[in-house]
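Here's a structure for you.
Naming follows writing order (A, B and C), and every chain is counted from residue 1.
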């Protein structure tokens, strides 16, 4: 029998002997941790770098400066700046004239090619300018026009001179013209005024995310307005009012499972119920918002329930003890104290919803919609879907624009999460 | 009592205890004063009053014992509070005993009147009584003011009473040996003198308790004693 | 052993005077179960008006459980079942028709850990009067708040910062705030569940002094695991052991000459 009580002296020396091994183990663990974190940070930095370096150029594009003769009779024949009048006008001809005066194409073929140099939105630009500033009439003013996407790609170096002409999208002549314009210093690389203010367009140089952005905002608003009150009310009911029995247990399990369901399933459900059965129109933010709300509800309910559970029972005791009714306890004490957690959960849910593509694809918010939606029943699309569509298009310039749109989306997601953190800090009350 | 306790009811209980104790002490002093006077004046009515008043002392002592006991049970007093309560309980018992002696002296005075006693020169009961009374008055002051110096002085003056007692004892014994029919009177006188000496001893006890109350420990040196009556056989 | 047991039968007799002449609350044959577990076994006791009575006993003897019966706080626990009768002014508070909300304004409670609402000091005290509609206008409400804080001995310390959060006060101050909150609704009875166990000795002494003053106006039932506190603070003491009420009597008598040997054993520290 070797068992004996260890004396303090013995114990002391035994501890001392083992300490070296223990320290070594601790230090190894610490080292592994540091290595993992460094690796993770490196990947993160790499990821951000690739996104931003690609997308940065999407915010810029090439412009050409031309001198435009703002001839009223030709731009606004009726003289009243009405839509009809401007439509009848010859703004694009004036622009081409100015261009031709510089590059001087000869022959119909060359002129046809030359016309394609400036972006097809040239007449809209002119008419917009005169509408805002009628005093331009009768002047000769320098105006910047966006260059066609092929020219833009060429200038960026994606379309190379070295490639044989038959395999290139632009002809040698056009390259000559572009060089000419460049020599005269008329070509500039500037911050694009289309990317943020333009909406979807077949022409990459004019394409922007504004439409998708507004669509996202509308859809998210619908989602928030439906899921926030419903989610909070459900959480309050399940935590505070409902009796704890088999039924509530089953409900809890189901809600937890719903949070893990792939979002495309909600899209299918939206398609089947909202669109097929209720006959609601496709591709409108209202339906999109409803589908997203279904998806976000479990998240909100779960985080709200956790927030409610975190309210200490002493506050409830105090409130009941003073003679508050159940509803008063819930609304005067529990909800205000749980609100930071609830809001954080909601914002995180919203951030998730902002980035959702699959369910919205299912309900058809993938249509090519040029007009910016004005209300929740106007057809629209959302940012992630827009990105998805652009990624599909052939034109090279869409690559930049897609990356730029991704950056915008990321910025939004990060700000929403940062806002959630800020809100939580601000609203947290000590108890 | 310097600072008040946070609990005002505790202060009230302590004050009640103190007040009852002082009432007890003053009444005992009063009784003693009266019984010494009555020895001189031989006023029978006054003597009877003193004998009957003794009951009040017993009641007051009961009150003090009861409140002291309750304070210890309910308040668990510490430090000076504890000493005050314990000392109060001890002193109350002493005052009650002093009261008993005053009653005893009064009873014997009555008998002396019947025996038609007149002053025996050399035995000045009145003087001994008054000196003791002064000690008693001083000790009450010492208690109220928690004056340990006065307490030590009182304790040291007990020796004078002891000396007087020894003197009177020898005088009375020698007179009894000379005149055989003086024996009954002499016996009562002896007892009266002894009682007064005992009262002085008790007052000294109180003084020692007061010293303990103030300082937290007893007086280290021995009390000076000069009562040799139990040590010598007179011839 | 003088028990007036002519009206209620009990298996084991409680020693001492369970009944009071002018009882505010009367408990008769109360049993409390937590699921299968019997926590309180056939307890009968009166709570007199304007008296401070303390419930003492070892851990787990059921004194807190019994206390919570008086304001039906046990209703908030699902597994808890209360049998028997508890009456205030001869009305059984466990009657189905009784609304528990006004009951809790008449019988207030102070808890073990100070739990002021995470609101301002003013709002803490004003909450009760607000929800029960006790004040007529803002001025009246201000008056109620001031009076309650004064009676709780807190006014001098907080009168210049009524809008600051209640949770920013020290432990003893928080507990006094909770007391002020309770008396703001003018209760008749105040139940205190180990109100000082989370406080230091000085704060405890201050609260005990406060309880002593409040005892002149309210019936106070205080559960305490400190016998010394019961000895200091209450006029009547009830000793509980394993869910049974063993002895009730004047505090002086319980602590100097208890009648039941179990009481004696507990008081002198002979059992846990």
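To be clear about the criterion, contacts are C-beta pairs under 8 Å (C-beta built on N, C-alpha and C of every residue); 3 or more make two chains touch, one makes a residue touch a chain.
Please read these numbers as outputs of a predicted model, since none were measured by experiment.
Asker: Shared touching chains for subunit B and subunit C?
Answerer: Correct list: empty, since no chain touches both.
Asker: Kindly work out which chain lies most centrally, taking the average of its C-alpha atoms as its position.
Answerer: C
Asker: Between subunit B and subunit C, what's the gap in Å when you average each chain's C-alpha atoms?
Answerer: 50
Asker: In whole angstrom, how far does the Cα centroid of subunit A sit from the Cα centroid of subunit B?
Answerer: The mean C-alpha positions of subunit A and subunit B differ by 102 Å.
Asker: Let me have the rounded angstrom distance from the C-alpha centre of subunit A over to the C-alpha centre of subunit C, please.
Answerer: About 59 Å, centre to centre.
Asker: Residues of subunit B that contact two or more other chains, please.
Answerer: Not one residue in subunit B touches at least two other chains.
Asker: Contact residues on subunit A for subunit C in the complex?
Answerer: That would be residues 243-244, 314-325, 328, 332-333, 337, 429-431 of subunit A.
Asker: Touching subunit A in the complex: which residues of subunit C?
Answerer: Contact set of subunit C toward subunit A: 71, 73, 76, 78, 101-105, 108-109, 111, 113, 115-118, 127-128, 131-132, 165, 167, 178, 181-182, 185.
Asker: Show which residues of subunit B lie in contact with subunit C when the two form their complex.
Answerer: Those in contact with subunit C are residues 5-10, 69-70, 73-76.
Asker: Could you pull out which subunit C residues touch subunit B in their complex?
Answerer: Going through subunit C, the ones touching subunit B are 202, 205-206, 208-209, 212, 228, 231-232, 251-252, 255-256.
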